[in-house]
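Chain nomenclature is as follows: A, B, C, D and E, assigned in order of appearance, with residue numbering initiated at 1 for each chain independently.
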Amino acid sequence: SKVGEPGAKVKENRLVYASESEFEGLNPILEETNLDALLFRGLMRFDENNEPIEDIAESFTVSPDQLTYTFVLKKDIKFHDGTLLSSDDVIFTIKSILDDENASFLKSDFTVVDSLKKVDEQTLELKLRQPFTPILDKLTVPILPENAFEKGSMRTSNFNSHPIGVGPYMFEKWDRGNSLTLKAYNDFHGTKPSIEKVIFKFIPDSNVRALQLKSGEVDIALLDPVQVQAFEKEQNVKIYNVDSADYRAILFNMRKDLWKDVKVRHAFSYATDRSQIVKGILKGYGTEAYSPLQKHAYKNKNIEMFEYNIEKAKELLDNADWKEGKDGFRYKDGEKLAFTITAPVSDSVRVNLANYAAEGFKEIGADVKVDALDWGSITIEEADAFMVGWGSPYDADHHTYILFNTDESSLTSTGYNFGGYSNPKIDALLEQGRLSTDVEERKAIYMEFQKELALDPPYDFLAYVNAVFGINKNVSGVKERTLGHHGSGFLWNVEEWSWNDR
Amino acid sequence: MLLTVSDVSKSYRKGQPVLHNIDVTVGAEEIVGLVGESGSGKSTLARLIMQLEPTESGCIVFDGLPITKRSKKEFYKKCQIIFQNASSALNPSWTVREILMEPLRSQKMDREQHIQKMLGNVGLSKQHLNQRPSELSGGERQRVNLLRSILVNPKLLICDEIVSDLDRLIQREIVDLLLELNRTTGMAILFISHDLQIVEYLCNRIYVMKNGEIIDESSKIENEFEFSSSYSKKLFGK
Amino acid sequence: MTVKWIGKRTLMGVGTLLIVSFLSFFIMHAAPGDSAIAFYGGDAQTLNTAEKERISRVFALDRPLISQYGAWLKETVKGNLGFSYKEGRPVATILLERLPNTLMLFGVTLVFIISGSLWLGISAGMKPGSLLDKSISTISVMSSAVPPFWVGILFIAFFSVKLGILPSSGSGDIGGNGGLVDKLRHLIMPAMVIIITHVGIYARFLQESVKVESQNYYVTVARANGVKEKTIRHGIVRNALIPYLNYLGMTIPSFFGGSIIIESLFSWSGLGQLMVKSVTMKDFPLLMGGILLTGVIVIVSLLIIDFIMYVLNPKLRRGGVQ
Amino acid sequence: MLNIDCLTVPIDGRCIIENSSFQVPEGKITSIIGESGSGKSMTVSAILGIMPPGAKVTGKVYFQGNDLIELPMNELMAIRKNSIFTVFQDATNSFNPTVKMEPQLYAFSGERKEDTLSHFRLKMERILQSLGLDVTILEQYPFELSGGMLQRCMNACALYVEPDLLIADEPTSSLDKVLQKEFIGLLKQLNEEKGTTVLLITHDLDIVVDAAHEVVVMYGGKVVETGSVTETITSPKHSYTKLLLASRF
Amino acid sequence: MKSSKVLVFWGIILSLIIIMTIFSQFLSPYSPNEMNMDAIYQPPGQDHLLGTDHLGRDVESRLLEGGKVTLIVAGSSVLLSLVIGVLYGGISGYIGGIIDTVMMRFLEALLTIPSLIIILAFQMFMKGDIWSMAFIIGITSWLTTARIVRSEFIRLKDLEFVKMAKMLGTPIVRILFGHLLRNSIPAIFVVTLFGFANAIFMEVTLGFLGIGVPPEIPSWGNMLYHAQNDILIGAWWIGLFPGILIFITILAINFIGDGLKSPKRRRLDA
């Protein structure tokens, strides 16, 4: 780094990552951080294609009824503190997630788990209440060492600030408010890491992150789309434009009368100029969206894509009895065509998207406002429309079942169906997709699902947003894979990274 | 007696009494002078009578009734004070008209006319009504003050060194006005001053104060005062 | 007398703290929004009603407010500030980590602002109509009319990116062990920004009160009678300091508010940033602890300022009536 | 000693003093009397060169041969320090309210004469006693003293300094008769023994008759009459003077 | 004399700014929210006099419209804080005694909690419109006014003309308004003007924290907030112009406040 820090004299074998926010704790079942992949490993792990493969697990078998999974663990896996990992630790981890006392955010992933049984030190049996193919995805959850926890609530455990895992890097130092340092773990069971230290530097301001990347104070930073251009001339920085399954869409809250008529939903979908969004707001770092499974192997290209078409949108509204009034806005039974899109203020891309969409809707005679609020002040179930962001690079069930199934209402169940969307056909398809184990059959089901979803859209899909990272030119070994939300998982193979010049 | 101050004491700091055991009376239609050493507590006594500060002991009776919190309002209708510093007793942002209207607020009569009528009594003219206190000379300010208090028709008027900073001519005007008022309306006056000539000229009775005590009292007999204490004698050069 | 005064003021300070805690507790709880959602921060979208209820139960957020406050107060009086919802660590520990940084930024900026404004304000105020006087009054207004975060960004762009001589963020070197020199290097820019944008206003205020004081009768009298200029100035400054200190006392709390932005811009891990974070996450124990701690800092500063005023103003000391 | 010639002071277009001339002969006590607001205090300000902002001064003020109005600031300051002492009209406001009396009185008197603090204390105590003040006032703050006491403190400084020219603007206005007499006595003594020239402003004709040699009468911003006291008292020329004399109680 | 010239100069500048923002509809060439993805980050030039921003909106139009919002927010919040401050400080100062002590401790307590924290807690109110924004700024910024009013009232209360008024039986309302308030106006005026500048800053600051006025409403605050991203890109014009206008407005207000304070407006009793 050229700024006169002590490390500048000898180029240290370390990697500095510009972290957007500081974590409250490092317990992966209480909070998700981008360190998880470095510190911890789970039974399973996503590979380059986002398929779950064995990691801690040596192998596993599934019973014919799809209800019992038996895992055999690798031998001699040691936690960072030297203790051996056993099946007790796995059981402890899942039980902790299910324990209400811990208020884990992962609980809903494991509610299908019926029981856990230790067969021996290296073997365990997991029983489900019902068949659930995606359970392997879920079992990528980091494994915690049972004996590192004292009695009492996990929330106040010392572990949270001094974590112990089996990942390629181990905890070294946490300078609160400033940085967190990890060092290479030499007993790691996978590829031995080449970079000695990975440092997470907390820089909340996105500009400062970019500036520090420029000045060499940090080696990696996630960039805002608008910032990328400024780095194109930069010699020392390489831009990684990583595909992600992360889409943005306007959620129609079906509890509002306005959206009851599918023509209205279609009209707004047609009135969205996606190409301009990708071009202008995402600066080309994204793709136009029309389906929740667009980045998936099961993607269906032959469905309605809602090509930008104002005339069609107007026609649809006319048909739905929303007639244009003298002021240019549409009215039906004396009521104005108006609603508000709520967006989380901390996410400037979502706010910009909402803003742009709202402005565009004026053209079809709708008076649309934007509310940018803090997460704590948002109740999605009460909003007219909400700027959601979903999308998973993993199993097709992952971000579909919990979003669109009638029974997955966010109000009455553990699902995330915020808009109260309900379509019997969709319900049936999602159920089948879940239970089926045949790949081709599943593909057909999800293709059909996408088609049906376009006919009765729960969202106005806008765009998939890429994660754009700027990285020091001398770092090599970066492997791109379709990423999840906010570029999470970019460091997934950091143990394979190395410096060319140190 | 209109006003009876009996056995009043006051101290600002413990052990340093400013006033002790003061007995003062003012009869109806009487003009009483209060003179004394500088720092002897004359102004303090005036403030105590006006209930601007609490007394420590003793009582003040006005018109036969001791003044209490509740009777304060009635008391102020009958008893008025004019402070030594004329300028600070007038609201700087009001015009003379507004200032003079103040005591007449609740009255139903034609107030403007009443004021205009009264203006002449203190030697002010109509044009002064639109001026602000800062645009008046010291003497004029004192007269506005006086007029305002008189408009209340008090039975007793306390004047605390109202003429000390004025020149002889203006002093004379004001003193003559007071005499005139006393004659025509029967207003009693407690006149605090260290200007002995004025006090002798104006008052029927004089109290002399020293070190927070009344050390002497004398009534005017054939335009002469008789004093007993040596300080008073020295003061009046007798 | 003086001891009694200090005792009385300290007692009042404690009373104020109690009001502060009461107010902040109720304001924060009365604030709209769901604490369970806020608690999840960035993961909030993946939260449903069942989760919300569960979280509320875990943190006893479903109990009546007054009993929550009572419980909190009881614990606090025992010297136990509780555990942060989010971090799970004792609030006191978290606060103590941040305190040195905050005190450092607060202390350094305050010292420079006070000494700078004293120097500028007095020298300008003593020469009314001079070039210095006029330029100070103009420049001070100008400097206070630029938003601090702008100055900050320009500083980073210039000193860090262009010249590369100062670190643009953090409160210590990430690799090093955080020696004092290192700390100071990190302190320079955030402190400079706060000082530059604040010193003018205080200098201006002092300048005004020096000018007003200089117009006093006693100054004229002293000048006319050949009293030494040094003696006269001494007296003027002494009296001009009283309104200045009053103003300083009134605005000290805004330092904490105002520095939040600077803290986040320079990633200076201080209390301000911590509090903003705990408000948005509705981490009540942490927030209450933070407010209480800033409360103590503010009240102690006010106490010191009041004490200086008390020493400077004999009317207060002698207990006389104004 | 002091020769004022054609002094004119306008403030914001209004003439406070108009074309006034008079003399203060050396070794004599000269008194200015006049209507309140006639410009007496303003004349003092003009002599000392401490005009309020917005005021212009024209005319000449000769002091020991120098024109004070033309004099550069540092020379004027030297004269103020070495030769003149002024007792201002508003004694209550003449002291810094937050400083104890002792350092203030020392600054006004002892320091000027470059006396040591102990020497100052000895001399000042004597003077204070002669004015009927207790030495304990040195340890008090101005607001703890009554107006009369503060006035006497200022007067004490004047007596301490024994300047070539003493200007006293209503030095006895808050004093009772006894104290007034005492101070005037000391003033006369100072004049006789040390030869101090005195410019005494007062509205009390008794004092004028008692103490002054010469008198200046001001009215409406103008000097309307000058002359020796006896002459003026017995045969006033200007109508205002006549009125003034006639209005004794 | 000179100070009145300064006053006139800055007064004209300020009124120009105000008039420009009031008539923004007629002066701005585009609708302030008109987005053009083909004209993003256009530097000042022919089509867009002051360039365009990250959504292709015309900076000039937004500047004019945003001024209206910012000035309304600042103006009405100042008005609100004035009312609260005068009432609170007035009551505290006039009644005095134990009530004053309690009220002042309360005020001190409020002063101690950084107002930004309170605002953050209540940001829900900001949902929707600029009036709630003005409300929230107003309700958190009356403390200084209250302190000043209180000390003015305490000072005036002891003056003789107020004592006289009580003796003359003047009703309390008239004493409060006619005597006390009317004579505190110079002091209140000055803090209020500074409060105005502060409110503009607060709006900017909230914009910086991303909790300012709703994003579709332009204001100098949220323009500046977005502009910080644009510095890196080199789009200096987006931040520069609102920055300059804020600067000039605050400068103007400061100088006006100053001009009104310094001349011989001092009372004769002062």
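Here, a residue touches a chain if its C-beta (ideal position, glycine included) is under 8 Å from a C-beta of that chain, and two chains touch if they have at least 3 such contacts.
Nothing here was measured: the structure is a model prediction, and the numbers come from that model.
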Separation of chain A from chain E in touching-chain steps, minimised, is 1
In the contact graph of chains, the distance from chain A to chain D in steps is 2
Two candidates, A-C and C-E; the one with more touching C-beta pairs is A-C
Averaging C-alpha coordinates per chain, one finds the centres of chain C and chain D separated by a number of Å equal to 52
Distance in whole angstrom between the CA centres of chain B and chain D is 30
Touching at least 2 other chains, the residues of chain B are none
Residue numbers in chain E touching two or more further chains are 120, 124, 228, 231
Multi-chain contacts in chain C, i.e. residues touching at least two other chains, fall at 32-33, 153, 157, 280, 320
Given the complex, residues on chain A that touch chain E span 206-207, 210-211, 224, 226-227, 229-230, 273, 276-277, 279-281, 345-346, 348, 351-352, 354-356, 358-360, 369-374, 377
The residues of chain E that touch chain B in their complex are 159-161, 163-171, 174, 178-179, 182-183, 185, 267-269
Chain E residues touching chain A in their complex are 33-35, 37-38, 40, 54-56, 120, 123-124, 127-128, 210-211, 214-216, 228-234
Per the touch rule above, chain E residues touching chain C in the complex are 105-106, 108-118, 120-122, 124-125, 143-144, 147, 158, 197, 201, 204-205, 208-209, 224, 228, 231, 239, 243, 246-247, 250-251, 254-255, 258, 261
Per the touch rule, the chain C residues reaching chain A in their complex are 32-35, 37-38, 40-51, 54-55, 57-58, 83-90, 94, 97-98, 101, 153, 156-157, 160-161, 164-176, 178, 182, 264-270, 273-274, 280-282
